[in-house]
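The two complexes that follow have chain A in common; it is paired with chain B in the first and with chain C in the second.
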Partner chain A sequence: MNAALLSLFAPLAGGLLLVLWRPARAGLALGVALVSLLAAAAALHQVADGTRQWLEVGGWAPPLAIRLQLTPLSALLLLFTAGLHLLVAVYAARRPHAIGGADFWPLACLLHAALAALWLSADLFNLYVTLELLGLAAVALVALAGEKAQRPALDYLLLSLAGSLAYLLGVAILYGRYGVLDLFLLGEQATADAPTRLALLLMTLGLMLKGALWPLHLWLPAAHSSAPAAVSALLSALVVKGPLYILWLLWTRLAPTELAVQAGPLLAGAGALALLAGGWAALRTPLLKSLVAYSTVAQLGYALLALGLAMHWQEPRLEAALWLFVVAHGLAKVSMFLAAGELQHTLGGKRVVTLKGASQTLPVTMFTFVTAGVSLIGLPPSGGFLAKWLLLQPLLERPQHWGWALAVVLGTLMSAAYVFRVVAHGFDRARPQPPQVRPDRFGQWLTLLPALLVFGLALIGERMLPWLEGVSR
Partner chain B sequence: MAEGLFDLVLAGLLLMLAGGALYGRSLYTSILLFVTFGLVLALVWARLGAVDLALAEAAIGAGLTGALLFAALARQGRAPEGEFDLACRRRGLAAAAVLLPVLWLMLSSLAPLAERDSPLPELALAALPHSGVEHPVTAVLLNYRAWDTLLELAVLLLALLGARQLGSGRLDTARPWPQLRAWNAHLAPLLVLVGGFLLWRGSSAPGGAFQAGALLAAGVVSLRLAHLLPPLRWSFWPLRLLVLLGLALFLAVAAAGAWLGQGWLSYPAGWAKPLILAIEVAATLSIAASLSLLVVGERREPAP
Partner chain C sequence: MSWTSLLPLAIVLSSLVPGLIIFTLREEQQRLRVTLNLAGVALKVVLVAAMLIGVSDGLTFRFSLPFLPGAPLVLQGDALSLLFVTLSTVLWLATTVYAIGYLEDSPLRSRFFGYFSLCVSATVGLALAGNLVTFLLFYELLTLATFPLVVHRGTPESLRAGRVYLAYTVGGGTLVLMGVALLHALAGSPDFQPGGYLDGLVEERGPSLRVAFALLVLGLGVKAALIPLHGWLPKAMVAPAPVSALLHAVAVVKTGAFGIVRVVYDVYGAEAMEALALARPLLWLAAATILFGSLRALQQSELKRRLAYSTVSQVSYITLGVALLGPLAVVGGLVHLAHQGLMKVTLFYCAGNFAETLGVHRIREMNGIGRRMPLTMTAFTVGALGMIGVPPIAGFISKWYLGSGALEVGQDWVLLVLLGSALLNAAYFLPLVWRGWFATPADWHADNWAGERWETHWLLLLPVVFTALASVLVGILAGTAISPLGWARLIVDREFPR
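Take a look at the complex of A and B:
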């Protein structure tokens, strides 16, 4: 547990130090992310065999105080968060255009700390506080982009607060009903009565709003596409996963089974529609970053579909698919947003059509975009493919589930279409850009790294899939 | 009977003030009504027996939020009045259409909850002798659930960092009124005294860091408006240190506990009271600095 605490402590203390200490911020932030990464790796090593560790904060027993839990899944998410933060920090230190302002460094560190606190928490009210931290850090990061981002940032703030309030109201109702706030104690006591239903409904709606799950996703495209490139990468890859994690905790750990079985199809249906609606919007939008942002909406649909069906059928394989989606999407989306930022910065246009000839002027970046896109589509042998394979297996086993499989296939076709829309422009040699653009070599290859890691997931897939199925139980 | 009547009047007044704040003719009157709303709400909390909440509501909900709203109004240009009214009415109808059914739903399913008792208050009282303080609310905030409070301080810091990103809007204060300057000379020491009292009292009775910090911030704001203080600049590092002090000390105690002692945020035996007090003092200063920076801080930094 101490390793996990170090992984949380490092970014929190680092964030404070970065507020105070102005010079050489990038180096300090890199060091913080590295320490956090190593600590998270140690934490994962401790619990890799499926054990679960508890920490009673302050030494008080659970109903009175807060418990933190370290499960293999939360250790994996800690590692994932720290790794992506390190990567984005390296990129941001190299490419100052991608961060918007010097306040990026403390804010990114605090965002990292908020996520780490969220993965470790096992207390409903504490989760609310981490959600608030996460939301405020994300809004401040969006606002870094300057005047044009103020409107989306304000919308994001207001909707995020509305989501938090709905969640908090749900927490208050549960507290009124059961008198405890600890997630697992609640899980033992919960019965399917009217207050519990109402609380779960409110919390689910609030979390869906905060996590931009369809149909409450309308703030996401504007906020994610107007933020600086490094911020968009963090927001899409990590921030929206926080509420998703809480949603998963709620429905698999707290909610009575009969309620979860009832609510599953609703969430799965929202996920299926997210696939189609997000994909369609990504196909139609004229702007490059907006396309990538809508693709986040669509990809979150897979996760929601997996969650809903896992609840409905009580199927652990689907929970493993959910977390594999989260990891694969996070890695691919970091690459894609950084590549989009690089393309936009070098070619000087926001629209998809300005990419004409990009395969000649920025071959590596274009390659990155395509590699990440291949994982988003789910072509083998990427991590996206593994996740989709895991999702499809239980769907194909029985003919009455084929409708869901059809939605997944349609979503895949849509994502292929929007990725190829960008690729087609990139390889269009009709009007090549003037060749005097000077791409930054290191930055380009760095953006490729997470996309390659997604493909690396396939190499360890054989061992990872059974492990994931085990740990998400 | 008389008490029931008083409560009824309070509740009615609260609703009327809320309506007035939402549908006020100008933003200025709306803010005034909102501040009054906060004060009446503080009375309501006091009637419900939640004195801590009443203090917090009066200091933060009414006082500081009001000051923040006025500061925002002063920083903003003139809003187009006519359009505002129309949009406001339509939005109000939409909100009513959503909220009334929700309210109905909630009331019907929440009514039975009023009779239920939580085991937590008894547990909190039973553990009180080991918590280092005598007031249960302070024990919950700084001992049992100290991790929440630590993160809340980070929330305040993030709010400050976030507000900084919006930049530009300048707060031009008029030449201070001579009377304001004269009064401030007496008011400021008094506020420090009351703030310190609230802080100290927090260990045994309602009060604590947030309320005391808000009072201190009110003193700083009024001194700044009277031009008795220099502009508060973010680039001045001791000020940033002050903002971070509470969170940093809290975090240091937590980490020291995990490294050397029994665990994350566990106070060693016998040290609970002094540590809690030290954290509360640091947090009060930080809260005061953050809140005053939010209201009267200079947004624009001089070019380096």
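Take a look at the complex of A and C:
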């Protein structure tokens, strides 16, 4: 547990130091992210055998105490968060155009700390605090892009506050009804009565709004595509996963089984529609970063589909699929947003059509985009494929579930269509003598790294599965 | 790990590694690129030869790596996979030489040869795949590796063709994925085995097995160009000639046909196919494709498009042989896998030579071309006669076995299909041969004749002569054990234990 706490407090302390200590330094942020990464690896090592650890803050026993829990999954998510933060920070240090200002450094650290605290919390109010901190840090990061991002950032702020408020209201109702805030104690007591239903509904809507889950996703494309590239990468890969985690905790650990079974198809249906609607929007949009942002909406649909069906059928295999989607999507999306930023910056245009000939002028970056895209489509042997395979297995076992599999097929085809839409432009040889561009070599290869990791994920995926399912009820 | 488990991996890597290195080379590093390419080919030839000897002595080669839960990555060399691996290797050798000559001084050669090697690695991996999940992996990789080759020229036309190609193949790949996932949910993913592994499920999960079969065959049928899924193939003709040659002879259409062989014999097995009544629809589909492809070929006025529709027709002979479910017919189908490859690659090289040397693309421009390019035209004639089924060229052997196989299982009507197709083949190939040798030359003749010692670049001529000779030799030597026919009989002996 101490290692996990270090992984949480390193970015928190670093973030606060950076706020006070002007001008902010990239070096400190890098160091903090590295420490956090190592600590998270140590934490994962401690719980790798499937144990879980508790920390009762202040030494009080529950129900008075605020508890933190460390499970293999939360350790993995700590590692994932710290790793992506470090990678984006290294990239940002090298390519200052991708961050929009020195305020990036403290904000990214605070974002990291908020997420780390979120993965470790087991208390509804504590989760609220982390959620609020996460939202504020994210909004501030979007606003770094300057004037053009003011409107999306403001929308994001207002909707994020509305989401938090709905969540908080739900928490208050549950506290009034049961008198405890600890997630697992609530899980033991909760019954399917009207206040509990209302609270769960409010919390779910609030979380869906904050997590940009369809149909409450409308703020996401504008916010993610107007932010600086490094920020978009953090937002798409990490931030939207926080509310999803809480949603998962709510419905699989707290909610009475009978309610989860009822609500499952609704969430799964929203997930299926997210796949289609997000994919369609990504196909239609003329702008590159907007395409990548809509692809996030679509990919979150897979996660929501997995969550809804896991609730409906009480099927732990689907929870593993959910977390594999989250990790695979995060890695691929970091690569894709950074590559999109690199393409945009070097070729000097925001539209998809400016990529004509990019396979000649920026081969490595284009390759990065494709590699990440292949995982998003879910072609073997990527992490996205592994996740989709796990999702498909329970769906295909019974013919009456095949309708859901059809949604997955359509989602796959849509994602293939929007990824190859970009790729096809790259192979266009419309201008035989392309303008001389000088790509940044280090930046290019660094961007490729997470996309390659997502392929490595497929090889260690089988060993990771026990961690993903390790959180037992 | 012993050498028997590493050999399959080494065969895949012997083209993958040179391919990856080639990507990083600069355009002007021509010599290094050619060396790497040829070194990879030579190494692969040696490794494949070693495996051929091993398998004919009864050794088994198996490499496995944990991948999905319950479904490892398996590469294994059995008699069937080696038929396809050997074909790919030999034709890769010839096509590499051809491509070096064809692309001399054209831009983006590093990219081209990089993807070219990836494409062969995917094909060989697919041939060696030991279970359905591994097969799926390489099937999708092949799509990704061939797309850049199809759009290599980067013109609006080739990009359009590339989009069509992707739409078909990604769609097909998704169907295969669903089929594989469904079978995995029902029966897990054990290694391919003669006679299949689904017998125990036929009673209980019959409808699900039928759905899985339909998904797999439709998905594979896209690459195998079964009607109505063949639309991408004539469009993909915009690719450079070596790509068309490889796509048509080995890489893409054959992987579809090979996949159907695997699914029918090593996943379902003849008994389950009978019990589920799946063979008959496949047979009809194949027969319809054979006739349809030939009819469409007759209507084409462009040489490469005529050859493309001829591929649609000829590849379905393999599916036909497989769907007849009798030992003799299977021999015919399998041997056609190799024979069609040799003959079709010859025809495409010839078409490439005509286009490259004289700018001849359309059929009416071929008049008298035999006087200008006698060797190429001879090779073309060999390929064309072989496709029709004239003895002793390879195509005759395939048709003989397919015909006797059909009689053996009592499907006499198939003979009519074969006969009709032979007539149609004659109708669309013989006029070309006649034009080439006997028609009065057109006006290209005078200004294009002088100055060259050879009829075209020797690197373009060598592979043509090689594959044409091979098409004749495998026909003449069909009775020996080392011919494709001998090998196909070995496969069938092992698949149908008597």
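Here, the second predicted complex is superposed on the first by the 459 of 473 C-alpha atoms of A that agree within 3 Å, B and C clash if a C-alpha of one lies under 4 Å from a C-alpha of the other, contacts with A are read in each partner's own complex, and residues count from 1 in each chain.
Keep this in mind: a residue touches a chain if its C-beta (ideal position, glycine included) is under 8 Å from a C-beta of that chain, and two chains touch if they have at least 3 such contacts.
Just so you know, these numbers come straight off a predicted model, no measurement behind them.
**Q** Overlay done on chain A, so just call it for chain B and chain C: clash or fit.
**A** Aligned on chain A, chain B and chain C fit with no clash.
**Q** Answer with first, second, both or neither: which of chain B and chain C does A:Ala194 touch in the superposed model?
**A** first
**Q** Between chain B (first) and chain C (second), which does A:Ala117 come into contact with in this model arrangement: first, second, both, or neither?
**A** In the superposition, A:Ala117 touches chain B alone.
**Q** Per the contact definition in the header, classify A:Ala65: touching chain B only (first), chain C only (second), both, or neither.
**A** So A:Ala65 only meets chain B here.
**Q** Angle at the Cα centre of chain A spanned by the Cα centres of chain C and chain B: state it in steps of 10 degrees.
**A** Approximately 170 degrees at the chain A centre.
**Q** On chain A, which partner touches more residues: chain B or chain C?
**A** When the residues of chain A touched by each partner are counted, B comes out ahead.
**Q** Look at A:Leu158 in the shared chain and tell me whether it touches chain B only, chain C only, both, or neither; answer first, second, both or neither.
**A** In the superposed model, A:Leu158 contacts neither chain B nor chain C.
**Q** Report for A:Ala102: first if it touches chain B alone, second if chain C alone, otherwise both or neither.
**A** The answer is neither, since A:Ala102 touches no partner chain.
**Q** Thinking of the overlay built on chain A, is A:Leu218 touched by chain B (first), by chain C (second), by both, or by neither?
**A** It touches nothing on chain B or chain C.
**Q** Just to confirm the value: shortest Cα separation between chain B and chain C in the superposed three-chain model, in whole Å.
**A** So the smallest C-alpha to C-alpha spacing between these two chains is 40 Å.
**Q** Could you pull out which residues of chain A sit against chain B in one structure and against chain C in the other?
**A** Overlap of chain B and chain C footprints on chain A: empty.
**Q** For the complex, which residues does chain A have touching chain B?
**A** Result: residues 2, 5, 9, 12-13, 16, 19-20, 55-60, 63-66, 68, 101, 103, 106-107, 110, 113-114, 117, 125-126, 129-130, 132-133, 136-137, 139-140, 143-144, 147, 150, 153, 173, 175-177, 179-180, 194-195, 197-198 of chain A touch chain B.
**Q** Once bound in the complex, which stretches of chain B touch chain A?
**A** Residues 105-106, 108-110, 112-113, 116-120, 123-124, 127, 143-148, 151-152, 154-155, 157-159, 161-162, 164-166, 168, 237, 240-241, 243-244, 247-248, 251, 254-255, 258, 262-267 of chain B touch chain A in their complex.
**Q** What residues of chain C sit close enough to touch chain A in their complex?
**A** It comes out as residues 65-69, 73, 107-108, 111, 133, 136-137, 140-141, 144, 147-148, 151, 153-155, 159, 162-163, 166, 170-171, 173-174, 177-178, 181-182, 184-186, 207-208, 211.
**Q** Residues of chain A touching chain C in their complex?
**A** By the definition above, chain A touches chain C via 357, 359-360, 363, 370, 374, 377, 379-381, 386, 389-390, 392-393, 396-397, 399, 405, 409, 412-413, 416, 420, 423-424, 427-430, 432, 458-459, 461-462, 465.
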